[in-house]
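So that you can tell them apart, the chains are marked A, B, C and D in the order they are listed, and the count of residues begins at 1 in each.
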Amino acid sequence: MGKEFNKVLYDLDSFVYGKSLYPVKLKNGLEIGGGLILPELNFTLPNMLFNESTFPKVIEQYRSIIDEACKRAVELSVPGFVAEVELLPDATYRPEWGIEITKVVREVMYEYEQKHQLKSGLRLTPVDIREDLNSEHMWHGEFWDKIMRIFEEGAKAGADFLSIESIGGKDVHDEAIMYCNIKQSIFGLGVLGCMDMKRLWGSITEIAEKTGTVSAGDTACGFANTAMVLADRGYIPKVFAAVIRVLAVVRSLVAYEEGAVGPHKDCGYEGVYIKAITGTPISMEGKTSACAHLSPVGNIAAAVADLWSNESVQNLKLLGGMAPTVYMEQLAYDCRLMNTATKKGHSAVLLLRDLLTDSDSYYDPQAYVLRPDVVLKLSAEILKGKDHFERTKLAGLAAIRVLREAYENKEVLISEREVPWLDMLQNEIESIPADVNVFTQEMIEGNTSAKFEPKKYDL
Amino acid sequence: MGKEFNKVLYDLDSFVYGKSLYPVKLKNGLEIGGGLILPELNFTLPNMLFNESTFPKVIEQYRSIIDEACKRAVELSVPGFVAEVELLPDATYRPEWGIEITKVVREVMYEYEQKHQLKSGLRLTPVDIREDLNSEHMWHGEFWDKIMRIFEEGAKAGADFLSIESIGGKDVHDEAIMYCNIKQSIFGLGVLGCMDMKRLWGSITEIAEKTGTVSAGDTACGFANTAMVLADRGYIPKVFAAVIRVLAVVRSLVAYEEGAVGPHKDCGYEGVYIKAITGTPISMEGKTSACAHLSPVGNIAAAVADLWSNESVQNLKLLGGMAPTVYMEQLAYDCRLMNTATKKGHSAVLLLRDLLTDSDSYYDPQAYVLRPDVVLKLSAEILKGKDHFERTKLAGLAAIRVLREAYENKEVLISEREVPWLDMLQNEIESIPADVNVFTQEMIEGNTSAKFEPKKYDL
Amino acid sequence: MQELLNKIAIGIEKGNKKAVLEDVQAALDANIKVESIMNDGLIKGMEELGAKWKRNEVFVPEVLIAARTLTAALEAIKPILAQQGVKPKGKAVIGTVKGDLHDIGKNLVKMMMVGAGFEVVDLGVDVSEAKFIEALEENQPDILLLSALLTTTMPQQKAVIDAITAAQLRDKVKIMVGGAPVTQEFADEIGADAYTQDAASAAERAVKFVS
Amino acid sequence: MQELLNKIAIGIEKGNKKAVLEDVQAALDANIKVESIMNDGLIKGMEELGAKWKRNEVFVPEVLIAARTLTAALEAIKPILAQQGVKPKGKAVIGTVKGDLHDIGKNLVKMMMVGAGFEVVDLGVDVSEAKFIEALEENQPDILLLSALLTTTMPQQKAVIDAITAAQLRDKVKIMVGGAPVTQEFADEIGADAYTQDAASAAERAVKFVS
């Protein structure tokens, strides 16, 4: 570990949205976590080809998306916002393209800053193309180099925040989800994932320091959100997805150990734990990201958020305007409401936070584990572990315990057929050896996932 | 007037969302305004032809829209909802089509009620095709008959609430908006509109009584929302649009004088006044209807709503699912939050209502006139008038006065170039003769709108 | 001379019909070329107002009143224009397609077209293919503008274009489409010559077609 | 006999590989027709599980384990099936198109296809047109399934279909497309034979193509 995080930094009274212990401030004055919750707008291309010949059209899409959204933000007196450029694969495989998109989007944002005093920042998120079948190693080679080049040149082209949805460990974790294999999941998140995060975020932080940008953080999207989406369709148990969310905390925390300072990425709902443990600001998404995926955490996700995101929406024409503009408006109103409470005073903030929390937490175990009180409690449990591996196991066990108690106290709805899973998962976790090397060996030998190649991790 | 409304029914403490003095209850137990705020989902076809040969596809669109939305509602434990079928012109010109759509949608809703205890009601809204160039009279003839036939047979096909966005007086009012001619506007709303509403809603209420359905109410959409959309683009002054909204109260109230009992239609933001004056429940739309039109009243619109609507969204595929399903989710979470406050107690409700209110009311005069306190105050002023005409003039003058005061007290943002409009509008209104017949004569003689034919109103 | 033309332009901007008509007469009396009166006086005033509108400095009623004034002034000099063979900037036909009664957007486009110096024939709302074709034959416009506000009447824009093609008139006219649900992609798909998002840019685009 | 077949079906549902293999052997020993063992035992068990899955009564892991068991059992009786000339219900090739690495949806579809009795060749993710064509030539499947999860890889489904047409293989195979952003309209547009929204209905549709 670089930085060490060993204690929970908030009590329940100070753990609120819009305010974090260590706000992040850009040169233009935009501050995240400094008091206000702000929109983070995300957008993507409509159904279209992305290649050499369509690239001018692609650029025009991005330009017009951000232009119209900024226009609406000004009209609604939005006090500041973040735009995320989450690159598509094509724009990552060809870094020039990703960099050009970044530049064009940022230019429009500067324009609105100058003409209309609309402060904003740009989060740049390349695809983690190390997942490519041809990628031979996690930490060097063509794919690694491309990602690093995008970060470096993207930073020069105007990116403010560097992020990625990294996939170290996902090679075993995809299968873990499909088979609800919690041991494999812990291997993916608590061993491979953490190993990879360390290398990856060490490098990203270096680039951020060199370029004067912000090393913002990751998300366990490919792990916990995949599980959430599958659970939402009834494909896997919700309690399994809830436990995965908590397991993911340790992995996502590694970015901060390696120097990231936030805001944590929107789709990483484990961000609430990151905030509790590191004091950095976080981005979250909920009901207003239904455009990107339905979820059981529509309101509760906002309870302690510093940025409020729509995750992603295609540039389609809705009756009211282009979809990204429509979502800018929705985010703006959500944030307005929350900031009005802040203006009214701390007790209004606490009430609103608790309403957001209580409105969801009963209906789904995945919502329950995002309750601010539960987050503080579980964070303390997690931090008792001495290393990533132990922390991940503790995270799982503590989450199971808390869910079982809540179920017994009728504080959370768990369907009957899911209840036995709590014991099953616990037994599985308890059967994991204490020594990480023994465990690793065991998992490598018993591996059934065709995607996983130990030597990519120098194993 | 049939029923007479002469006093304001709420004080500020009791004027809240989800609860109205005279809730509306369906046979299946669904109650509007009885304590909970519920979603009202609206949807429309994507870009497609609507004719004989595409009709099977049209039906399949409606069926799948409501099916997927109901599915999500069940998953989110929605306690009940209303679906609005706002027919497109083709389905009004051919009543069989409109009736068939109603039947198919209602059947799916019944199914979810039986299988999943999801209570719901259907609002049926034909197009007011009396606007057709070939329509010879407002109150009889082919077009009138078709509308009435849809109401009657639609009721038998399963509609629960009957509504329309009626257009009496719009023939002069379209021009009034474009030229910001407030006299013409008062003629359209306070004279022609009220005359027409009386005849129209007398008939609709009769049909509702005969068929055991609910005479729900109208909206001044064609008047005040048209103004709002134009103001939002900076085409006309916002203060003008705000005044139009208040003028519209008297017109929309006529439905209730003629026996309507609510819920008032979503897009009629004047509904908050209707609620204050009649005690009937209302539907409103705000941030979560940005899909249909952007607006300056995203949060405040919810402050005293009993149903919460998305106005309309095409059946397009967003990344998270079909757009109507996505909007069902968003509405569900909005309502959950508000109902959680209700469970917490009255003071939480008041706080949330005030946050919703205060978050918007400063930024736009159109939001300001929706403030619950302002609504109660202006309603009292309006009711001082002895007839529709006088009430409409009083509405305009009172709205102007309140806006001027608020501007002076820095309670509302009015751009400098709009300030003189307040005086201009006031002078115009004050120049209107006291006698409605004199005024009518004057307006008919000076008429410049090609669409207006007095004889359609027996004038 | 420049002074008088400026005065005319300002008169248009203010929508002061009486003054404009007087000033136009004065200009004619002063032997200023009628073409110059039109372009450097009347239309220039309208253009300046249009630019203000685009910058959100004036409201629609002001533009509408100016457009009315412009129309009256053009009407007054029409005989002289005709006599001297000066043609208007172009001719346009506009209408909302069949099944659709929305007309506010269309009216604004018309207003800006007039402001840009076009002679505009307005067919109103709910206009069938046949009526559009009739109007093309009768007026021989440079530009046809189709408005549609409903997702179910957008395809009617295609029907109109197809009918015009079938009537072998397609290459005689530039067709522009617009309205809230319409997009550039859709315009391309149905073979329109242009789409724009709002009234001001619609007129700008139209001017390009005729110059 | 019925009893034994039922036992096999239940064994599949439970994913109990050892028991199923034993029961299958017992059935063969009892001279039960191998076709019946396959259809009324193995696949029936899988169908019942699939139905439960559609009713949200079981989770994916259970279906996956059953599918694995089914595959093992089919493998065991393969020589006998071949010898008696009994063919599998059909053959399918599946893959996620070029540029797209999402595979969970595709894997679920594959699982349901296996469960429905298909022999499935899985080409994995990021599969080019050429690879699809190669697989068609090599495996001669009844059905080709294309998955795409990105708005920018959906058009790649069209590219694959176009390439297959160009290779004159289009009439030899039914092509199904799917993935979150795909719609029926899009499927029609690009000339696919079918689209379905989820894995269960994909397999149902596929069965219709081969029966």
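Things to note:
Just so we're on the same page, a residue touches a chain if its C-beta (ideal position, glycine included) is under 8 Å from a C-beta of that chain, and two chains touch if they have at least 3 such contacts.
Chain by chain, the UniProt names read as follows: A, B = Methanol--corrinoid methyltransferase; C, D = Cobalamin-binding protein.
Computed from a predicted structure; not experimentally measured.
Steps from subunit B to subunit C (Cobalamin-binding protein), minimised over paths through touching chains, total 1. Traced through touching neighbours, the fewest hops from subunit A to subunit C (Cobalamin-binding protein) number 1. A centroid comparison over C-alpha atoms places D as the chain most distant from subunit C (Cobalamin-binding protein). With centres taken as mean Cα positions, subunit B sits 40 Å from subunit A. Subunit B and subunit D (Cobalamin-binding protein) have centres, each the mean of its CA atoms, that are 51 Å apart. Distance from the subunit C (Cobalamin-binding protein) centre to the subunit D (Cobalamin-binding protein) centre is 60 Å, each centre being the mean of its Cα atoms. Subunit A and subunit D (Cobalamin-binding protein) have Cα centroids separated by 34 Å.
Residues of subunit D (Cobalamin-binding protein) in contact with two or more other chains: 151, 181.
Contacts with at least two other chains are made by residues 44, 314, 319 of subunit B. Contact topology of the protein chains: irregular, matching none of line, ring, star or complete.
Applying the touch criterion to all chain pairs gives A-B, A-C, A-D, B-C, B-D.
Against subunit D (Cobalamin-binding protein), in their complex, subunit A makes its touches with residues 44-50, 88-90, 131-133, 174, 177-181, 226, 230, 233-237, 314, 417. Note for the complex: subunit D (Cobalamin-binding protein) touches subunit B at residues 151, 180-181, 183. Put simply, subunit B touches subunit D (Cobalamin-binding protein) in their complex at residues 317, 319. Within the complex formed with subunit A, the subunit B residues making contact are 44, 72, 75-77, 232, 286-294, 296, 298-299, 312-314, 316, 318-321, 323, 325-327, 329-330, 332-334, 336-337, 339-341, 344, 348, 351-352, 355-356, 358-360, 363. Against subunit B, the residues of subunit C (Cobalamin-binding protein) that register as touching in their complex are 56-57, 59-61, 64-65, 99-101, 103-104, 107-108, 124-126, 150-152, 154-155, 181, 186, 198.
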